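After this come two complexes, each holding chain A, first together with chain B and then together with chain C.
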Partner chain A sequence: MDSREMRSQIENIDTLPTIPSILRKLLAVIEKPKISINEIGNFIANDPVLTSRVLKVVNSPIYGFPGRISSLNQALILLGLNVVRGMLLGVSVFEAMQKTMVGLWEHSLGCAIAARIIAKKKGLKEPEEVSVAGLLHDIGKLVMGLKFPEEYGLAIAEAQKGHIFMLDAEKNQFNISHADAGGWIALKWNFPQNLVEPIEYHHKPHLSKVVPLQTAIVHFADVLTRAAGFGFSGDNFVPAVHPSVWQLLDLSDEDLKDIVSELEDSLGQAEDFLFADE
Partner chain B sequence: MSDSKTVVVISRDQVLTSLISKFLKGLCQIVEFATLGSSLDYIYGSNPAILLIDITSDDPTVVSMLNDLKSDPVLGHLSVFAVFGDSFVVPGWDNLLIDDYIKRSSLEAEIRSRIELSMQRAERTIEVNPLTGLPGNIQITKQIQKRLGAGDQFALAYADLDFFKPYNDRYGFSRGDEVLKMLGRLILNTVKDRQPHSSFVGHVGGDDIVFIMDCDAVEETSGKIIGYFDRIIPTFYDIEDRTKGCIESTDREGQKKVYPLIGISIGIVCNDRKHFAHYGEMAEVASEMKRFAKTVKGSCFKVDKRNPSRV
Partner chain C sequence: MKRVSVELLKPGAKLAKPVVNDSGMILIGEGTVLKESHIERLHSMNISTVFVEGTAGPSKTREELLAELDARFKKTENEPYMQTVKRFFKEYIEGMDN
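Right after this comes the complex of A and B.
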C-alpha cells in the first residue's frame, strides 16, 4: 500500500476505541447523576482516546472556531456537560486487544505527566496544553493498530525480535511511522498546530516550526517516561535525547533532578488510577 | 410582539364560524371576518398568532392574497391554517403558502388540540442569533419582564468585549465571528453549569451578551467567565501577536497604536436592593455597570451596589 492510500484510510477514522478498564470506569463516571464538568475533565485527561474525541468535536467546524482549542479544560467548558456526556456514551473498546495496548496507555499518561512537569519548570503559560500534546503524542500507534492490526502486530514482533526501534519496524512494514499517521489524523481532526507539531515531530523535534519548545518538551517527556520504565511504548530500550532538545530546553542539573523526582511521585499516583479497581 | 392568544377566523359560512367558536371556546380569543380582504387591516394592526381560513371554495384571489400575506416578513410568525372541504384535493404546496390544514369533517375531533399545539410551537420557536444560536432581543425582553412581573429576585448581567474592534480590523470579521461564537458557548455553559434551571443567556447583537441568574450565583459565575475567557482568548491570535500579548497597528495619521488582547467587561444588577417595574430600567442599570467595568483595565465585572435611592 502506498502512503497516499494509507493516509486516506487513516483519515477515514472517525473515532478511536479505548481500553476495557477505562470504559468500565467511564460508565461509572457518566452514570453519576450529579457530576461536574471538572470531575469528568479529570477523568478524561487520563485517556488519550477520550481526550482526542473531545478535542475533535470542539475543533470541528460545527462550533465555529476550528483549530483553536488545544486545552482539554477549555474544550469542556466550550462544549458543555450535556455534549460531553452524550459523546462519552458512544465510546467503544478495542475488539482485538493487544497486550501492548495497555502498556501504550500507561506510556501516554506518563508522557503527559512528564510534559506538564517540564512545561511548568520552563515557565510555560499553559502547561496543560503541553500535557495534552504528551498524552496524544503516540496517537498514531493507536490509529495504525486499529486500521492495520495484522501488519502492525508484525511490526511489533519485528521490533521485539530484531532489537530495533518501533519507529524503524514501522517504516520497514509500512514505509511510514506512527508520527506520520498521528500527524495526519491530528490535521484531519482540525487540531491546532501546537498539538499537530508535537505529535508529528516528537521523534524529529528539530523540524517543529510553530511550537519548537512544546515539541522539544514532548520529545524529552517521551524519553523520560521510557527511562522511568513506566508503561510500554513498544521499545525495549530508551532512545537518546535529540541534541537540539538539550539546547532548546537548557535545563540545569538542579532542574533535571527536580523534574525526575517530581515525575516519580506523580507516576505512582497515575499507576493507582490505571490499576485501582473501580 | 405578536398577540399569541388571538385566532382570526375567516369564512363566509356562518355555520362553520360558529362551530369553530364553539370548539375553541376558552382557549383563545376569536376574531371573525367574512373575507380575507376585510381582515387585512386587523391582521397588520394587531399581529395575531393564528389565521384560520376557510378555503372550501377554490378562489384564486384568496390564494394569491394569502401568499402575499405569508411572504411579508413582518408577519413571519403568523401561522396560517386552512380549512378544506372533504373532497378537496391537496394542491402543490409551492402555490399555497400555508402552515397547516384541517378537513372540515375532522374539525370537532382535532381543531382544538391542533390550534393549541400551534400556539405552543410558536412559543418554542424563537428568534435566535444566527452566529451563536442564542435567543435574541425579543426573548431577552420577555425573560426579564416575565421575572419582574412575577416578582422574582434575580440578577441581570450584561457582558461585552473590550478591544474587539482592533481584533476585527487586524484579522477580518470572520475571525471576529469565531470569537463571538466562542463567547456565546463559554457564557452559556458557564451559566448552565452553575445554575442549570431558570437561568437564561441571550445575544443582544454584536459582542453584547446578557445572562440572567440567581443573585447569589451571578458574581461567582461572572468571575469564572472572565477567568475562562482570559485563558482561551490568546489562542484566537496568531502566534506572533500571542507572544507579544498585544496587537500593534498604525492608524491613519501614521501613529503607532498598541492594543491589548480582547478582554471582557460585565455589568451586573440585582433587583433585591432596588425595585424595577420595567425591563428597560433594569437593562439600563446593567449597561451602566458594564460601562463602569469597561473603565477598568483588563477583564472584570462590576455589581451595582449603590444605595437603593430612587432609580
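Right after this comes the complex of A and C.
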C-alpha cells in the first residue's frame, strides 16, 4: 500500500465498526470547525461516564489544580475550549488505547504531565494547551492499531523481539509511522495547528513551522516520560533528544533538575489518582 | 491498593483501608489523606504497615530502578545531551528515600 492509499484508509477511520461509540459520537461534535462552549458542555453533560472521566482528569496532576474543579462549566472556563476538546478525545479513546497497546494511555498521560511542566518552566501562557498536545501525540498509534490491527500487532511484536524502536518497526511494516498517521487524522478532525504539528512532528521537531516551541516541548516530554519509565509506547528505550530541541528549549541544569523532580513526583501521584478505581 | 511500611509512608498518601487496633476499633478512617501527625501516631502505636491507594506493585529497590534506567538509555546514551538527561533521573533515584 502506498502512502496515499494509507492516508485515505486512515482518514476513513470514523466508519470503522470497532471504533468506540463514544468517540464516534464525539467526532460528530468536534469535527465542526466552529463549536460553542455550550455545545461541548451539553455533549459531555449528557454522558455521565464521560463527565466523571473528564472531571477526574482535570483534577489530576496533569492540569495542576488537583481537586478544585467540580463542574464541567468550571473546567471549560478554566481550561478553555481547545483543551477540553482535546482532553475529551483523550478520555474517549482511553479503552481503545489500552486494547491497542497496554500502557499507551499511561504513556500519553505522562507525556501530558511532562509537557505541562516544561511549558510552565518556559513561561508559556497556556501550558494546558501544550499538555493536550502531549496527551494526543501518539494518537497515530491508536488509529493504526484500530485500522490495521493485525499488521500493527506484527509491528509491536517486531519491536519487542528485535529490541528496536516502535517507530522503526512501524516503518518496516507500513513505510509510514504513527506520527504520519497522527498528523493526517489530526488534520481530518480539524485540530488546530498547535495540536497538528506536535502530533505530526514529535519525532522530527525541526520540521515544525507554525508552533516550533510547542512541538519541541512535546518531543522533549516524550523523551522524559520514557526516561522516567512511565507507561509503555511500544518499546522500552529512551529516544535521543533532537539537538534543535535542546537548543530551542535552552534549559539550565537547574531547570532540568526541577523538571525531572516535579515530573517524577507528579507521575507518582498520577498513578494513585487515575488508576485507583479503574 | 498497596501495602506500605509505615517507615516509607509519606504525607499525602491516602488510606485504602482503615487502620484498626487489636480490638478492631478504627483509629484512622479509610480515605484519610495522611498528614505528618498521622504518620507519627502510627509510629507511636507500633503499627508496621498500612494499605494506601495506588496500583504500583511491590516497590523496587534503588538498585533495580537504576538498572532499569541504564537499560532504557542503552540505545541512545552516547547521543548528544543524553548523558545530561540521564544524570538528572539518576540523581532523582539516588535521592529517593527507600
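The definition used in the following text is that the second predicted complex is superposed on the first by the 189 of 278 C-alpha atoms of A that agree within 3 Å, B and C clash if a C-alpha of one lies under 4 Å from a C-alpha of the other, contacts with A are read in each partner's own complex, and residues count from 1 in each chain.
In the analysis below, a contact is a pair of C-beta atoms (placed from the backbone, for glycine too) under 8 Å apart; a residue touches a chain by one contact, two chains touch by 3 or more.
Small disclaimer: the values here were computed from a predicted structure and weren't measured.
Once the two complexes are overlaid on the shared chain, A:241 sits against chain C while remaining clear of chain B. If you count the residues of chain A touched by chain B and by chain C, you find the higher number for C. Of the two partner chains, neither chain B nor chain C is touched by A:35. When the two structures are aligned on the shared chain, A:126 is found in touch with chain B, with no touch to chain C. By the document's definition of touching, neither partner reaches A:93: not chain B, not chain C.
In the superposed pair of complexes, A:271 makes contact with chain C only, with no contact to chain B. Of the two partner chains placed by superposition, A:187 touches none, neither chain B nor chain C. When the shared chain is aligned, chain C comes close enough to touch A:224, but chain B does not.
Contact residues on chain C toward chain A in their complex (touch as defined above): 1, 12-14, 16, 52-56, 68-69, 71-76, 79-82, 84-86, 88-89, 91-92.
Residue ranges of chain A in contact with chain B, taken from their complex: 36-37, 63-65, 68-71, 74, 77-81, 125-126, 192, 210.
On chain B, the positions that touch chain A within their shared complex are 131, 177-179, 181-182, 185-186, 188-190, 192-193, 228, 231-232, 234-236, 239.
Those residues of chain A whose C-beta lies close enough to touch chain C in the complex are 165, 223-224, 226-229, 236-241, 243, 246, 253, 256-257, 260-261, 264, 269, 271-272, 275-276.
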